[in-house]
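Reading through the structure tokens given below for one structure.
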Amino acid sequence: MNPAEKPTVAVIGLGIMGGPMAANLVAAGHDVVGYNRSRPAVDRLVEAGGRAADSAAEAVRGAGVVITMVPDSPDVEALALGEDGIYATAGRGTLHIDCSTIRPDVARRLAAAGAEHGVRVVDAPVSGGEAGAVEGTLSIMVGGEEADVEAARPYLDVVGSTVVHVGPAGAGQTVKAANQLIVAGNIQLVAEALVFLEAHGVDTESASAVLAGGLAGSAVLDRKAPGMRAREFAPGFRIDLHHKDLGIVTAAAREAGVAIPLGAHVAQLVGALRAQGHGGLDHSALLVLVEQLSGRAGTGD
Amino acid sequence: MNPAEKPTVAVIGLGIMGGPMAANLVAAGHDVVGYNRSRPAVDRLVEAGGRAADSAAEAVRGAGVVITMVPDSPDVEALALGEDGIYATAGRGTLHIDCSTIRPDVARRLAAAGAEHGVRVVDAPVSGGEAGAVEGTLSIMVGGEEADVEAARPYLDVVGSTVVHVGPAGAGQTVKAANQLIVAGNIQLVAEALVFLEAHGVDTESASAVLAGGLAGSAVLDRKAPGMRAREFAPGFRIDLHHKDLGIVTAAAREAGVAIPLGAHVAQLVGALRAQGHGGLDHSALLVLVEQLSGRAGTGD
Amino acid sequence: MNPAEKPTVAVIGLGIMGGPMAANLVAAGHDVVGYNRSRPAVDRLVEAGGRAADSAAEAVRGAGVVITMVPDSPDVEALALGEDGIYATAGRGTLHIDCSTIRPDVARRLAAAGAEHGVRVVDAPVSGGEAGAVEGTLSIMVGGEEADVEAARPYLDVVGSTVVHVGPAGAGQTVKAANQLIVAGNIQLVAEALVFLEAHGVDTESASAVLAGGLAGSAVLDRKAPGMRAREFAPGFRIDLHHKDLGIVTAAAREAGVAIPLGAHVAQLVGALRAQGHGGLDHSALLVLVEQLSGRAGTGD
Amino acid sequence: MNPAEKPTVAVIGLGIMGGPMAANLVAAGHDVVGYNRSRPAVDRLVEAGGRAADSAAEAVRGAGVVITMVPDSPDVEALALGEDGIYATAGRGTLHIDCSTIRPDVARRLAAAGAEHGVRVVDAPVSGGEAGAVEGTLSIMVGGEEADVEAARPYLDVVGSTVVHVGPAGAGQTVKAANQLIVAGNIQLVAEALVFLEAHGVDTESASAVLAGGLAGSAVLDRKAPGMRAREFAPGFRIDLHHKDLGIVTAAAREAGVAIPLGAHVAQLVGALRAQGHGGLDHSALLVLVEQLSGRAGTGD
């Protein structure tokens, strides 16, 4: 195969999500070079058949595609815009696919900054959790120029099963923000329903089965309710990260003058759970807060 | 066929839901006699092969199974408990299946009153809307004695595809209340997300597609978002009825000491939409309120 | 003194509020006969110069004015409407002043029932707490016929310093409901502000002083904030009772189609505090909930 | 008088608040030089006996005290930190009193930046509205070093009647944020109560009188309810500014991990009113939103 057609892919950020995504790219036949702040994650990539880099800049040099998967806006900004950053280091025509969940305005700023260096930038945040990353079944919401998104699609199709171009630069992040609004709210609603049912002595397993069959049915009910019923809150997706994301949602809604009464409400509840020291639990732990507010702490079966 | 094995089924309340349910029972080979306050609905049942009754009492006499499908708690109470009501009229051993959505405590009172007359009562509220009623694919949450629920199951299996026994008398209504809490909240969340996306200039059709593929996916997103995007709010399930149901939810949560912060919040929003004169619209019209609160009334495409 | 001018006053319900109110009527020269379910409260009235009755009916017989001060709607209904109740027992022309906080619709029903027996009824709920009852400085919101309210005024002026006729039967209770909405909300706002200030290391005593001087100033800030800062939550007005009152508010708002988003929200918080077992604390204990939601339980000075 | 004891006072920002504050300083015998972006405000100061400056820098040169009263954080930052800004222009030992309402973290940054230039900075946001500014009866919440606050006090005592040192740099802004939280919430509660009372046919003037006498009493009820009853919403304090301030509150609460459920809720409502185009109305126009949510738009007397 012609190397010009199959460029090296640099993956920066090899955590719970980025690690399996990189491994899937290796498995799909790509030449993958990875960098992560802590070394064990890099070692795992090497075991999976990838190559190691000792710095982000080293990973970027010679790569035609750079994928970043890091926690927050400042992390991406530092990686992309620094003196030794991606845009300063990468050759013209490099494609930067940022899969992190960050602020839409930062995504737009990155696209503009990339353009000045001849780097094509798409924002491509993902949904689907660790399982989706491992199985390559992520939902990916992509923002950017049509041609750049098409250039990114072969790589995104490896790591996700639903890849949708939703608009210009930043649009992917905007849709991801909407996603996080719905997910947090829906978890809270299911938590309220479960505690309500338990308090009334209803068996929540059979209740969940019938709820799932009607208009109340949802991915949250399918995937999260079993853990909630069992009070198993190992992440999964941490409250800390959902708290960060709801900060993005509320700021973006405020900026656009959009009322999100339930969104703002659940943001308070997620913030409360985090303030109580539960930031490391899965976001389905909103149930803990509902129990607490119902004087039923620790009453689950 | 032995009449003892295949008793006559009385259906009282032949509206948007009860009408198609009765027709499905006829189609399944049951002898169905129907009553409805307004005559045209009865005529439609006769056209479908059922028989007409001029009063609820007439329908009940000689029936082995009585199905009620009426709007609210007082309607069922009047039908069941009146001097000329179901429990006074029906023979001992009659099975009363109440498919209305009413207060759990009223359902429990009906079960007790029925027992005094030798009538076996199950509460069996449904979810799935007009389409589910027509197609016989309703989700049905059933409360009552095990033996009575089993006796009801052959009839419920005709009108629904998911029939779950969730607990003793009233439990069906409790689960239906939880259903209505989740549905209202989820519609509101999707409404907030759609207006948020529109305000940011994102194409909501492609955004909905990608949202549906991840943890934000839900029956509301699948079935309601298209109408919401098109601003088509013909019911479906009317705001008036969802307002009534949220009254049941908030009262039952209060009685049990359960905190339902998002539930109580969305109950206010549904109440506001109704107070504004939109009680006849589909519940997905919560989007109208979000637009109004965002200064974007009538901005949809 | 002419008995026609100075009738006997029966006071039923001699608790934290009713006890001092009865004592103030004695001190003002009235012939007061009191009844209370538990005897010690009656004994205290006798020590203050009043007379004891062994039943409500005994207290009512011969009284020209009957004042009731009991916890909830059913209590007043039982007292007034029972076979041996006030309206059956009292002579025609008797004036019933109900100072309890009950549902406006029950107050209207009592007025109608009284009228059938020739008993004139006014609803006269009070605000001002135990201190106001002891000092005779209650605020009293009075509903009823003009002439009846004027007849009640001399007695109300003894126990309160602000006595206002706000409308027909039930109007007093409606205004009291509005009062309880504002008070609960305002306590919650002050609680949020105090925890916010403490978390930022600001001295809340000096902050309260400057807040009190501007548009944030309120009776809650003046009377409740000191106890909140000191975490002293002895009632005062119990969460249990405020919870009951917010049930009245939300039901009356729902009935009238009025949106009370903050009212419904704080009703959830008061309900949560009660569900946690804090129903016996003063309503200013909403601060405890804010601390809990901020991960700062027990951090106050 | 020794000029060393009575330094020139520069006032930058001569709007609704800053204008009367400057005039009061002139009236108290101070040498006041003022600057404002639009000239008429400067002319009014000259008429009142002050002196005009053509730029902020010109006003600052030779002044011993600089008072700023501008809309938002970026305005103060531009004034203070620019190349030609206050800290670059002013002599060492100059006292900068910022009366604007800005973010506490910006106030802290300004204090640090001032210190580098030998400028002493106190944050001194005010409460009390236009009337308080005209009458010199503002409540002023002051943050900064003890000695600097004492140096500022003679000037603050001229423009305010309640001047309280609440803590170090930024503490004044933190208390102002708490003030704005309470005020917005309290206006909303009074709005809900008034619409609730109107919907029940209660006379709101007499109701307000009795509410004001009890625990529901507040400055909002005293000063704002009359205008709300009359639907007079000329500012006063504009929704636009309160929206900005609630952005400060919610961000500062989030930063500190403090739950402000009612605060976040009312922030949504204020944002909605603004999105509807009512940003120029007085903040008491929250009543308009409650009416709208109750289907009672324009029903006031």
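The first chain written gets the first letter, and so on, giving A, B, C and D; residue counts start at 1 in each chain.
Here is the rule we go by: a contact is a pair of C-beta atoms (placed from the backbone, for glycine too) under 8 Å apart; a residue touches a chain by one contact, two chains touch by 3 or more.
Because the structure is a prediction, the values reported are computed rather than measured.
J.: If you tally contacting C-beta pairs, which pair wins, B-C or B-D?
T.: B-C
J.: List the centre-to-centre spacing of chain C and chain D in whole Å, with centres computed as mean CA coordinates.
T.: 37
J.: How big is the gap, in whole Å, between where the Cα atoms of chain B centre and where those of chain D centre?
T.: Inter-chain centre distance comes to 53 Å.
J.: Quick one: chain B and chain C, Cα centre-to-centre, how many Å?
T.: Distance between chain centres: 41 Å.
J.: Two or more other chains in contact with one residue: find those residues in chain D.
T.: 257-261, 265, 268, 272, 274-275, 293-296
J.: Answer with line, ring, star, complete or other to describe the graph linking chains that touch.
T.: Here the contact pattern is complete, since every chain touches every other one.
J.: Using the touch definition up top, name the residues of chain B that touch chain D in the complex.
T.: 261, 268, 272, 274-277, 292-296
J.: Quick one: which bits of chain B touch chain C in the complex? Just the residue numbers, please.
T.: Residue list for chain B touching chain C: 247, 250, 254, 257-261, 264-265, 267-268, 271-272, 274-275.
J.: Mind pulling up the chain D residues that touch chain C in the complex?
T.: 104, 127-129, 132, 138-141, 161-167, 171, 174-175, 177-179, 181-183, 185-186, 188-190, 192-193, 195-197, 199-203, 206-207, 209-211, 213-221, 223-224, 249, 252-253, 256-263, 265-266, 269, 290, 293-296
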